[in-house]
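Each of the next two complexes has chain A plus one other chain: chain B in the first, chain C in the second.
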Partner chain A sequence: MPISTLGTLAVVLVFLSCIATVAFSVRGVLLRSERWVEAGVQALHATFAAAAFASALLVYAFLVGDTSIQYVAHNGDPAMPVFYKVTAFWGSLDGSLLFWVLLSSLFASLAVAANRHRHRELIPHAVAVLGIITGFFAGLIVFMKNPFEPFLLEVPSKGRGLNPLLQNAYMIVHPPSLYLGYVSMAVPYAFGMAAMITGQVDDAWQRSVRRWVLFSWLFLGVGLVLGGLWAYEELGWGGYWAWDPVENAGLLPWLTCTAFLHSVMVQERRGMLKVWNLVLVIVSFLLTIVGTFLTRSGVVQSVHAFGEDPALAWTFGAFMLVIVVASFGLLVRRLPLLRSRGEMESIVSREFAFLVNNWLFLSAALFVLFATLYPTLREWAGMFVEWAARRWPATFGGIEPPTRVTIGPPFFNHWMRPVGLALLFLTGFGPLVAWRRTTPANLVRQFRMPLVVGSITIAVPAAFGVDSPWGLACFGLCGFTFWTIVQEFVRGVAVRRRNRPQPVWEALLGLFVRARRRYGGYMVHLGVVLMFLGFAGKSYDLERKVTVHPGETVQLGKYEVRHDGLRATTDWQKDMITADLTILRDGEVVAQLHPARWWYFQMPEQPTTEAARYMTIAEDVYAAMQDADMTTGWTRLALFVNPLVNWVWIGFVVMLIGGLVCIGTRREQLTDRVGGGHRG
Partner chain B sequence: MAERRSHRDLRWWIAGAVVFLATFAGMVLVGGVAPDAATAGLSVAAASLVHLVARLFSVAEALARSEAEAVAMAGTGLARSTYRELLEEKRRVLAAIKELDFDHAMGKLSDADHRSIRARYERRAAEVLRALDEPASLHPWARALAETGRIPGEPEGGTAATEPSTPLRACPSCNGANDADARFCKHCGEKLAT
Partner chain C sequence: MALSVGTKMVLGLALVGSVGYLALSDTGQGVLEYVYVEQVVDRPEDFADRTIKVHGTVVPGTIRQKRGSTGDYRFVIEHAGKRLSVHYTNLVPDTFQEGGEVILTGRLSADGTVFESDEMTAKCPSKYEEEQGVDLKETR
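Moving on, here comes the complex of A and B:
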C-alpha cells in the first residue's frame, strides 16, 4: 500500500477516534455510566496513538523522499540534511495542522492520565471538550488539507525543498515552541469548561491547570524571544521586535496567560475574581486559536491569501464563533455560583495591585489585537462599501471606501510604552504591599530604599547624557523594581535566620524550596527588569546608513568601522557575498565582522541578509549589508550601536529559570504519599 | 488496580520499543536495507502502529466490560482519590499557614489580619486532619485500601498488592478502632497497652 493511502487512512482514523471520544464521553455523562466514560478516556489515548502513527508516516515519507505525495514534493528535497527533512514535517500548512493534532492529542492524553483519579467528575467533560478541539483540527486535515494527498497525474521526480528561510536553527525551534504554547492552552480551557458544566467552580479545576498555563506561558515566551533573536540576526534592520502580525499573534495569549497566573493567586488567597479567571482562560484559549488562524490563513498580511483559501478562513471563523458562544453562554449560566467570597477593602492592597495588573495586561492584549486586525478590518469595510455602492448607488454612492492602511511599529510603541512601564512599576509595587490593606507606616518602611535606588538610576544616566524621558523613566523603574526584589530576598533570608540560625546560602536555598512559587515568581520579575533594561537601551541607540568602498573608514559613535573588502562564495544551496569589516575603538582593533547577503538557488529573487555583530555586555555593534557591487566594490551598509540589547536575552534566560522554579516538581507530594504525612 | 493499569501501559511502551528494534534489525539484517534515517523512520512508524492497535484494543476492552466491573474499577480510583485529595489539602493548608506566618514576619500583614486569617486556616486544617484520622468518614473501600492496600471482594493472590491486612484493635475506654501498633487511642487519647 502506498504511504499516501495508509497515511490518509491514519488521519481518517484520528478523526473517527475524536468523534468516538466525544460520543463515548457524552453518553457516559448522560447515562452516568463508568463504562462509557472509561471508553471515552481510552478513545482519547487512541486518538494520540493514531496521530503519532500518521505523523511517523509523514516523517518517513520525507526521509525516503516519496514525491508522489504533494506535500512532500513541495517541501522535501533529497539533498537536505536529515534534520531538516524531519522538521519539514511542520514546515508548511498541511503538515503543521497534523503537528497541531499530534501535540493536542498528546497533551490531552497526558493531562487526562494525570488527573484521571483526582477530579473524577470533571474528567468526562474535559475529555469531551478536548475531543472536540482535536477533532476540529483533524477534520480540517481530513476534509480540506490532507498532507498525504497524492498527485493524481504525473509524479515529479524531485522535491522543491523546505523554504530556505526556515533552514535556520532558530527557525527550527521557534515555530514548534510557539505551537507548544498555543496547543497546551487547550488543556486549561477544557478543565475550565468542565468545571463550568459540572458546576464545580471552586478551586479544584485550577489546581489541575495552573501548571499547564505556566507551561504554555513558558513556551510562548521561548517562541517569542527566539523569534525576536531570529529577526535581530537575520533581518538586518537592527531591532528585534517590529510588531509583526504573526509575532503579535504569539504575544496576545502570552499577555492573557500572564494575567491569569497573577489573578489566580487572588482567587486562592481571597476567593475573589472567579469569573475573571474563567474569562481569562477562555480568552487565552480563544487567542491561541486566533493566533493559529492568523498565522495559517494569511488574513492579516494580505487579502489575497484570504481569497486563496476562503474555506479554511470561514471554517476557523465558525469554530471561533462556536467557542465564544458556548464558553460565554456557560459562564453566564454559572454566574450565581461564581460570586466572590471576599471584597476589595483598600486601594493600597495586593489584590488591587493584581487587579490593575490584570486590566493592563488585558487592555494591552485587546489593543494589540485590534491594531493588528485594523488594516484588514478597514479593507473589508472598503470592500463592503464598494459592493454596497454598486447595489444601492443612491445611498452609498457618495461614500469614499476606506482603503488599507499600514500600522507601523511607531504606533504600537507610542501606546504600549506607557503600559509596559506601568506594568514594570506594578512588578515592584505589588509584591511589597500587604493583602487587604497596608498602613502608611508600613508603606514608608517598604518603599524608602527602592525609591532612593530608583532616583539614583534616573540621575546617573541623566548625568551621562541620556535625555529621552521614556528612557530615563525606564531606568528609574528598573532600579526601583530591582531593589524591591533584592529587599524581598534580604528580608526573607533575615526572617529565616531569625527563626533558626543558619548560613545565608542555606536560608536563600530554603526560600526557594519552601516558597517555590513566590521566589520563582520573584526570579521571573528579575528577568523582566533585566529585559526592560535592554528596552531602555533603545532610547539612546545609534544608526547610520552609509555607502563605503573597500579601504574606507566610517565613524560610528566611539567606534570606527573599516571596510576591508568583499568576497563572493558558493555552497550547495546558495551564492554568498560577504563583506569583511574591522571594528576599531580608540585606534585599537576590537572585532572583525562579516555581514553577508545570500541568494538561495530556490528563490534568487529574494536574497537574505545575514547580519553580524560585536557583542559586549554594554552594547552591540551591529552591521548588515544591504547591497553590494562586486565590480566596483561599493557596499551599502546599515550600522548600529545597540546599547544594552543583550540584557534582553539575559533577562529572558533568568525569566525562564524562574518559570521552571515555579513549575517545580511533584517531589513534595510523593514524600507525602510514601511517608503518609506531612513533616514539619 | 491503578498500578496494574500503569504497569500495563509500561508493557505497551516496552513492546513498542521491542517492535522498533525488531523492525530495524530485521530490515537491516534480513532485508539488507541500509541502516539509515529512513529505515529508522519506518521502524518508528511500525512501533507506533503497534501502539495504535494496543490503544484500540483498550477501547474495545473498556466497552466490553460490564458496568459493574467498570464501577468497581472506578471505585478504587475514587476512594484513593478522596484520601489523596485530603492529604494534598492538608499539605496545602499547612503550607498556607507557614506562608502566612512568613508574610507576617516580613511585615506584610497587620497583627489583626494575621490572627483572623490564621484562625480561618487553622479551622480548615483541623477539619482536614479530623477527616484523615476518622476512617468512618472515608468510603469503606478507601479505608480498606488505605489500611490493607486491597479493596474488599478482590480475590486473594491476584496480581493486586498482597500486603497482609493489619488487624484493628478496639480502645478499651471508647471502643474506637485503632491500628494494631497504636500506642495511644486516636479518638480519646487513652493509653493503649503495647
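Moving on, here comes the complex of A and C:
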C-alpha cells in the first residue's frame, strides 16, 4: 500500500478515535458506568497511538523522499541533511496540524494516566474535553489539510526543499517548543472545565494542572527566546523582537500563564481569586488557539504566516466561538460556588501585589491582542461598509470606509514599556510584603537596602552618559529588584545556619531542596531582572549604515571597523560572498568579523544575510552585509553596537533553571515554608 | 476589613491617570495609514505631509541604484494600473526584487510625484509553494 493511502487511513483513524473518546466518556458519565469511562480513557490512549503512527509515516515519507505525496514534494529535498528532513514534518501547515494532534493526544494520555487515581470524578469530563480539542484538529486534517494527499496526475521528481532561512539550529527547536507550550495548555483547560462541569471547583483541579501550566509556560518562553535569537542572528537587522503578529501570538498565552502561576498562590493561601484563576486558564487556552490560528490562517500578515485560507479561518473562528460560549457560560453558572473565602485587607499586602500583577499581565495580553488584530478588524469594518453601501446606497452611500492602518513597534513600545517596568517593580516588591498587611516599620526594614542599590544603579549609568529616562528607570528597578532577591537568599541562608551551623553553600543548596518552589521562583525573578538589564541596554544602542571599500575604516562609537576585503566561495548548497572585517578599539584589534550573503542554489532569487557579531558580556558589535560588488569591492554594511544584549539570553537561561526547579516540586512540598519566621 | 472607599478611589484615579497620560503622550508614531498605489496617485493632496505606508508591485526593469552610496534606489511601483515613482534611501531586505510586492513607509514629495521612503517590507513570492507566499521580511 502506498504511504499516502496508509497515512490517510491513519489520520482518519485518529479522528474516529477522538469521536469514540468523547462518546464513551459522555456515556460513562450519563450511565455512571466505570466501564464506559474506562473505555473513554482507552480510546484516548488509542488516539495517541494512531497519531504517533501517522506522524512516523510522514517522517518516513520525508526520509525516503516519497514525492508522490504533495506535502513531501513541496517541503522535502533529497539533498537536505537528515535532521532537516525529520523537522520538515512540521515545517508547513498540513504537517504542523498533524504535529498538534500528536502532541495534544500525547499530553492528554499523560495527564489522564497521571491523575486517574486521584481525581476520579474529574477524569471522564477532562477526557471528553481533550477528545473534543484533539478531534477538532484531527478533523481539520481529515477534511481540509491532509498532509498525505497524493498528486493525482504527474509526480515531480525532486522536492523544493525547506526555505534556507529556516535551515538553522534554532529553527529546529523554536516551532516545536512553541507548539509544546501551546498544546500543553489544553490539559489545564480540560481539567478546569471538568471542575466546572462537575461543580467540584475547590482547589483539587488546580493541583492536577499547576505543573502543566508551568510546563506550558516554560516551553512558550523557550520558543519565544529562540525565535528572538533566530531573528537576531539570521535576519540581520540587529534586533530580536519586533512585535510581529506571530511573535505576539506566542507572547499572549505566556503572559496569561505567568498571571495564573502567581494568582494560584493566592487561592492556595487565602482562598481568594477563584473565578480569576478559572478565567486565566480559559483565556490562556483561548490564546493558544488564537496563536495557532494567527500563525496558520494568514489572517494577519506577518513574517511567519502560512498563507490566506478563508475556509480555515472560518473554521477556527467557529471553534473559538464555541470555546468562549461554553467556557464562560459554565463559569457564570458556577459563580455561586466560587465565592472567595478571604478578603482584601490592605493594599500593602502580598495579595494585593499579586492582584496588580494579574491585572497588568492580563491587560498587557489583551492590549497586545487588540493592537495585533486592530488593522485586520479595521479592514473588515471597511469591507462591511463597502458592502453595505452597495446593498443600501441610500443609507450607507455617503459613508467613507475606514482606511487601512498598520501598527508598528513604536506603538507597542510606548504602551508596553511602562507595563513592563511596573511588573519589574512588583517582581521586587511583591515577595517582600507580608500576606494580609504590612507594618510601616517592616516596609522600611525590607526596602531600605533595595532602594539604596536601585539609586546607585540609576546614578552609575547616568554618570556614564545614559540619558534615556526609560533606560535609567529600568536600570534602577533592576538594581532594586536584584537586591530584594539577594536579601531573601541571604536571610534564608542565615536562618538555616542559625538553626544548624553549616557552610554557606550547603545552606544555599538546602534552600532549594527544602523550599523548591519558593527559591525556584526567586531564581525565575533573578532571570527576569537580568533580561530587563538587556532591555535597558536597548535604550542606548548604536546603528550605522555605511558603504565601504576594502582598506577603508569607519568609526562605530568607540570602535573602528576596517574592511579587509571580500571573498567569493561556493559549497555544495550555495554561493557565498563574505566580507572580512577587523574591529579595532583604541588602535588594538579586538575581533575579526565575517558577515556574508548566501545564495542557495535552490532559491537563488532570495539570498540570505549571515550576520556576524563580536560578543562580550557588555555589548555586541554586530555586522550584517547588505550588498557587495566583487569587481569594485564596495560593500554595504549595517553596523550595530547592542549594549547588554547578551543578558537577555543569560537571564532567560537563569529563568529556565528556576522554572525547572519549580517544576520538580514534589506534591507534599507545595505548602512547605522553609526559611520562614523572619516575615511578619 | 475590606478596602476602604477612599483607597479604592485613589487606586481608580491612579489607574485612570496613568492610562490617560499614556494615551496623551502617544504621538501616533507606529500607527500608520496603509494605502495602495492608486489611492495615492488619485488623490495626492490627501496624503501630503504625513508618513504613510504604500503597497504595490515593483515594476520590472525600473530599479536603478546609485553606486557607492548607502542604499539609494529609484524604482516604480504599481497597483491597479496606477504607477508611482519611489526614491528609497536605506538598505533593502533580502526579499526585495523586481516584480515583488513591497510595502514602503515614507512620505510624498512636495509636488506629489515621488514617494520618499526609507523603510520597506518586501513580500516574498515563494516560501514553500508559489501560491502560498505571504512571507514578509523587514528592514529597519
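Note that the second predicted complex is superposed on the first by the 657 of 680 C-alpha atoms of A that agree within 3 Å, B and C clash if a C-alpha of one lies under 4 Å from a C-alpha of the other, contacts with A are read in each partner's own complex, and residues count from 1 in each chain.
Please note the rule applied: contacts are C-beta pairs under 8 Å (C-beta built on N, C-alpha and C of every residue); 3 or more make two chains touch, one makes a residue touch a chain.
Quick caveat, the model's predicted, so the values are computed rather than measured.
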{"item": "Combined model on chain A: chain C and chain B, fit or clash", "value": "fit"}
{"item": "First (chain B), second (chain C), both or neither touched by A:Arg516", "value": "neither"}
{"item": "First (chain B), second (chain C), both or neither touched by A:Arg562", "value": "neither"}
{"item": "Which superposed partner A:His594 touches (first chain B, second chain C, both, neither)", "value": "neither"}
{"item": "Which superposed partner A:Arg497 touches (first chain B, second chain C, both, neither)", "value": "neither"}
{"item": "Which superposed partner A:Ala638 touches (first chain B, second chain C, both, neither)", "value": "second"}
{"item": "Touching partner for A:Arg585 - first (chain B), second (chain C), both, neither", "value": "neither"}
{"item": "First (chain B), second (chain C), both or neither touched by A:Ser92", "value": "second"}
{"item": "Shortest CA-CA distance in Å separating chain B from chain C in the superposed model", "value": "14"}
{"item": "Overlap of the chain B and chain C footprints on chain A, listed as residue numbers", "value": "none"}
{"item": "Chain B-facing residues of chain A, complex", "value": "13, 20, 33-39, 41-43, 45-46, 48-50, 52-53, 56-57, 59-60, 63-64, 82, 85, 116-118, 120, 432-439, 442, 445-446, 488, 491-492, 495, 498-499, 514-515, 518, 668-669, 672-673, 677-678"}
{"item": "Chain C-touching residues of chain A, taken from the complex the two chains share", "value": "74-75, 91-92, 160, 162-163, 235-237, 239, 242, 298, 301-303, 305-308, 343-347, 375, 403-415, 418, 545-547, 603, 605-609, 626-627, 632, 634, 636, 638"}
{"item": "In the complex with chain A, residue positions of chain C that touch it", "value": "1-3, 7, 11, 18, 22, 25-27, 29-35, 53, 67-71, 90-92, 94-95, 97, 103, 124, 126-129, 131-140"}
{"item": "Chain B - residues contacting chain A, complex", "value": "2, 37-38, 40-42, 44-45, 47-49, 51-52, 54-56, 58-59, 61-63, 65-67, 69-71, 73-74, 77-78, 80-81, 84-85, 87-88, 90-91, 94, 98-99, 102-103, 105-110, 113"}
